[in-house]
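Several structures are given next for inspection.
One chain, chain A, links the two complexes that follow: it is found with chain B in the first and with chain C in the second.
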Partner chain A sequence: MISPLYIRSARAISAQESFASNDLSKEIRSITGNRFVYIEPNYQQYFTIMQLRRMSRLTRIGLVTAIECLKDAGISQPEAILTGTGKGSLHDTEKFMHAIREFQEGTLNPSPFIQSTYNSLNGLIGLHHQVNSYNTTYVHSGFSLEHAMLDAALLFGDNTIGNALIGAFEEMTDEHYIIKEKLGFWKNGAVSGEGCFFFYAEKDKNGSALAIEDIKLWFEPEENQIRQGLEELLSSHQIDWNDIDVFISGRNNDKRYDHYYNLVADKLPSSTHHIHFKHLSGEFDTAAGFGIWAAARMAEMKRIFPSLLLKEGSRDNIKHILFYNQYYGKQHVVYLMKTTA
Partner chain B sequence: MSSVFITGIGIVSALGIGVRAQREKLVAGISGLKSAHFLNSIHKTEFPFGEVPYTTVELFSTLSDRGELQQSRLQALGALALEECLSSCSTPSGFIRQGLINATTVGGMTDIEDRYFELIQPGILDGDTDWASGLDCATGTEHLARRFGLTDFMTTISTACSSSANALQYGARLLQQGHLDRVVCGGVDSLTRFTVNGFNSLKNLDKELCKPFDVNRNGLNLGEGAAYLVLETEKGLQLSGNHPLAILSGYSNFNEAFHPTAPSPEGVGAFEAMKRAIEKSGLEPAAISYINAHGTATLNNDESEGRAIRRLFGDSIPPFSSTKEYTGHTLAAAGAIEAVFSVLSLHHQEIYPGLNFTTPIPGIELVPAKEYQQTTLNHILSNSFGFGGNNASLLFSKYD
Partner chain C sequence: MEDFKRILKLQIIEALNLQGMQPEEIDDNGPLFGEGLGLDSIDSLEMIVLMERNYGIKIEDPREGRKIFESITTMAAYIQANRKK
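Let's look at the complex of A and B:
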């Protein structure tokens, strides 16, 4: 059990037009090639050209997403900033590696080095909002966002803080796409993606529409461990499979991993709605953020986004949402969420 | 909140492999800084480095069981520290929930950077590309977790130079709120051309031995290493029968939101991090017996940290020193390495001498401890400050 995270606002920059309208009402964009690429917002209203020049592709969207997320909640200074990213600013990492080679370790521009640091976005958000606070970054692949969430819940639990800005950010580059291709990431149906997601959460309910009630993490689990872990999760919250109104799964079209999601789907009644999201975002370390964003927005707007429906159920009233994502069989994460309306 | 006990420690640094090797050098005031041998960089003899004095192959041959670890300097360093850490205390019998909270700044960059440009050639698909996964920070942690049976719960933190100090804090919270019974926390970084050129581009590297808190300090020396600590609760102690080496009595993480790479001159972040760590323990600043300073010897850090120490402790400043003159700045490993040094100081009731110091910074006038001394130590504060304004302080207390 964790101290619940009451989500007051959620924002997403993704390969869909999810940012300005903060929903999925716009026409769905289909993929070009084998990569979902995120849609960058108009930066003019946020930064001067000089500021923009100093920032990289990923820190730009990261900061803009954080700004709008806090604005939606009417908060200027959160009490903590926690993020997760699998790879951080890959463009900067690569740029600095190329510069080292090209200039043979001579005089180099330090900017890419600084921005390649995984916590540089956190620092920028802190600077932009003048937030003196708890500030940390988790960099553990498919667990990255979840540890940011869990740590925030722990900080709520011991009364260190009463609210937090929590987020995830990821980008793909041409070079890293090739590396992941060689590692076999795309050969069985999964499509590459990227995106940035921020959530403002409070310890108390205060008009939030969705609460993250629990988070479970398993590394390379056996199917039995997942089954047992889910049963324990549900019973510890005094609910059972029939209480799940919406099941959100991280299916990524890679058939090698469908059995994990089927294991959950098979337990659920036919009235439960089944939702997926990676067909719109692509697959990446922190893709779960897109699914959590969708859950938060659907709870707020009290409707299911039709483009996410994998199998329509019959429940009108949405109370309990079970979210299950796994990243290439290694990191498995489960969120139990509850609408508060 | 329940107490967090430290029951095991393991370490590798430029001072050598293992706790004993570290303490011998620290007591004798012998630095591990010199020209690098194994680092693949044109700068390897231009600057002093805290390089672990063995090849990666030699490091692996020192391990009792290599298991499925990748051919990686990062993983070799991490495994040596973890092996010592876990063998220095007993594993509880019965079912316990345990975890590994690791920290790193660039993951397996050392192991990848020489082959990176071969890796990104589209056409070439050689047979075994598993090594390429080392670029990911999670990969090292996962290989170490598998090797040491810590796969139940794991993560990796990267907050620049405060990374492993934050790993200890997260571990402590997980214990205190009952999510785990036992947690291994620490960090690892190996020297890389990437990081060396990064700090060089920031003009932060001294060509001479670093001189923390000296008016003529001129930058830091980079190092590499790994350190891990076993944290247990009271309940964990009952199950394991371990005798605590020290208590983690306070901790704090505070971002000062001043500048992407430089601390505020007055040391707001350093001040708040130290103050809050002490407050969390329920102690007063006067109770602090010694400070293991961040003390990187950069112009900015030592001035702001010095001012923060002045402001927090007033005229009764406890003995302090930086151990960066021994190990170099080991980045993500620094917080854990200095946590191990703090535990050693408490356990042996001794202060290790600061090196290379002659003249204090005008206006701050702080003089680090320069001689080895045995003295009564009850509470030690350890600072780790990083890029992005990330400041962390840990407070270690003697266990009676």
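Let's look at the complex of A and C:
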């Protein structure tokens, strides 16, 4: 069991109109080809030309998302900045690597190298908000965001900090899409995605609408291990399958992995709402961030976004939310959440 | 020389990712670093790369670079006198 993370504010930049409204009620944006591309906000209202020159496509959305998330919570300086990313700024990584090849390891531009580092966004957030406290980026593929969450929970648990800005960010490039295509990522129906998500969490309840009560991670588990782990998770919180009001699953249209989600869905009563989200965000290492953002916003707004419903249940009051996501059968993540309002 | 200064400004705008800035906004004789355009040490590295790639000029002594990058005028004059391509 972890020290709960009380989510006070949540922000998302995604392929949907999720940022300006902080809602998913508006008309759903359709997909172009097999890639969901995030909608970029107008940066001019946030930064000057001189500031923008040092920011990549990904760090721009990351910083804007973090700014708005902290603004929503009325906080200027969080006690820690914790993020997760599977690949970081791919555009700059590719730019830098192409330059190494083209100029035969001669004089290279420093900016793409600086911006390609995974923790460049955390540094920018720290500089922008003048936060020089704990600042860490986790790069663990489908476990990246979860390690940022767990780190915050550990720091809350030992009273090192009382609040944290937690986030995830990912982008896709033409080249990386092709590499993943060759590796078979998209051949069975999954759609590529990208996005950025930030959460401001506190150790104490203080006006939050949603608490992340527990997190479980398994790497390449057997089905039995997942089944047993879920039973243990629920019993450790003195609840059972019937108490789950909403099940959020990371189904990505790739039928090879549906059996994992069915494992949970089959245990739940018909009154439980079943929600999915990757049909709107696409698949990527930290796509779970979009689902958690949706959960936080639904808890705050006290309603379920119709566009996310996979199977409508009959529960009116939403209290317990079970979130299960897995990334191509390797990283499996379960969040147990509870509405607090 | 005036045409060359304009080309140089366009190259600097591109190299330093100064999106939205026009060549007319950069003063020919104003300081590029600190006050003036407000460039910093990372920009100076980008300018060294620009000089090498576009004009075949290698700047190895930082003290030399400080003089060359004083303004668009000093930079243009140095390039015209030392360019290898």
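Here is the rule we go by: the second predicted complex is superposed on the first by the 341 of 341 C-alpha atoms of A that agree within 3 Å, B and C clash if a C-alpha of one lies under 4 Å from a C-alpha of the other, contacts with A are read in each partner's own complex, and residues count from 1 in each chain.
Criterion: a residue touches a chain if its C-beta (ideal position, glycine included) is under 8 Å from a C-beta of that chain, and two chains touch if they have at least 3 such contacts.
Treat the numbers as computed from the prediction; the structure is a model and nothing was measured.
Participant: After superposition on the shared chain, which partner residues are touched by A:37: those of chain B (first), chain C (second), both, or neither?
Facilitator: neither
Participant: Which partner does A:234 contact after superposing on A: first (chain B), second (chain C), both, neither?
Facilitator: So A:234 meets neither chain B nor chain C here.
Participant: Who does A:114 touch here: chain B (first), chain C (second), both, or neither?
Facilitator: Both chain B and chain C are touched by A:114.
Participant: Name the chain, either chain B or chain C, that contacts more residues of chain A.
Facilitator: The partner with more contacted residues on chain A is B.
Participant: According to the stated criteria, A:151 is in contact with first (chain B), second (chain C), both, or neither; which is it?
Facilitator: After superposing on A, A:151 lies in contact with chain B but is clear of chain C.
Participant: In the superposed arrangement, does A:105 touch chain B (first), chain C (second), both or neither?
Facilitator: After superposition on chain A, A:105 lies in contact with chain B alone.
Participant: Between chain B (first) and chain C (second), which, if any, makes contact with A:318: first, second, both or neither?
Facilitator: The answer is neither, since A:318 touches no partner chain.
Participant: Could you say whether A:308 touches chain B, chain C, both of them, or neither, answering first, second, both or neither?
Facilitator: So A:308 meets neither chain B nor chain C here.
Participant: Report for A:49: first if it touches chain B alone, second if chain C alone, otherwise both or neither.
Facilitator: A:49 contacts chain C only, not chain B.
Participant: For chain A, which residues lie in the overlap of the chain B contacts and the chain C contacts?
Facilitator: 107-110, 114
Participant: In their shared complex, at which residues does chain B touch chain A?
Facilitator: Listed in rising order, the residues are 1, 41-43, 104-105, 107, 113, 116-117, 119-122, 125, 129-130, 132-133, 135-138, 141-142, 145, 151-160, 166, 170, 173-174, 176-177, 179, 193-194, 197-198, 200-202, 253-261, 268-269, 272, 386-390.
Participant: Considering the complex alone, what residue numbers of chain A touch chain B?
Facilitator: Going by the criterion above, the answer is residues 81, 86-88, 96-97, 100-101, 104-105, 107-110, 113-114, 116-120, 122-124, 126-127, 129-141, 143, 147, 151, 154-155, 157-158, 175, 178-179, 182-183, 217, 219-220, 330-331.
Participant: Write out the stretch or stretches of chain C touching chain A in their complex.
Facilitator: Per the stated touch rule, the residues are 15-21, 38, 42, 45-46, 48-49, 52-53.
Participant: Within the complex, which stretch of chain A touches chain C?
Facilitator: Where chain A meets chain C, its residues are 49-50, 52-54, 103, 106-111, 114.
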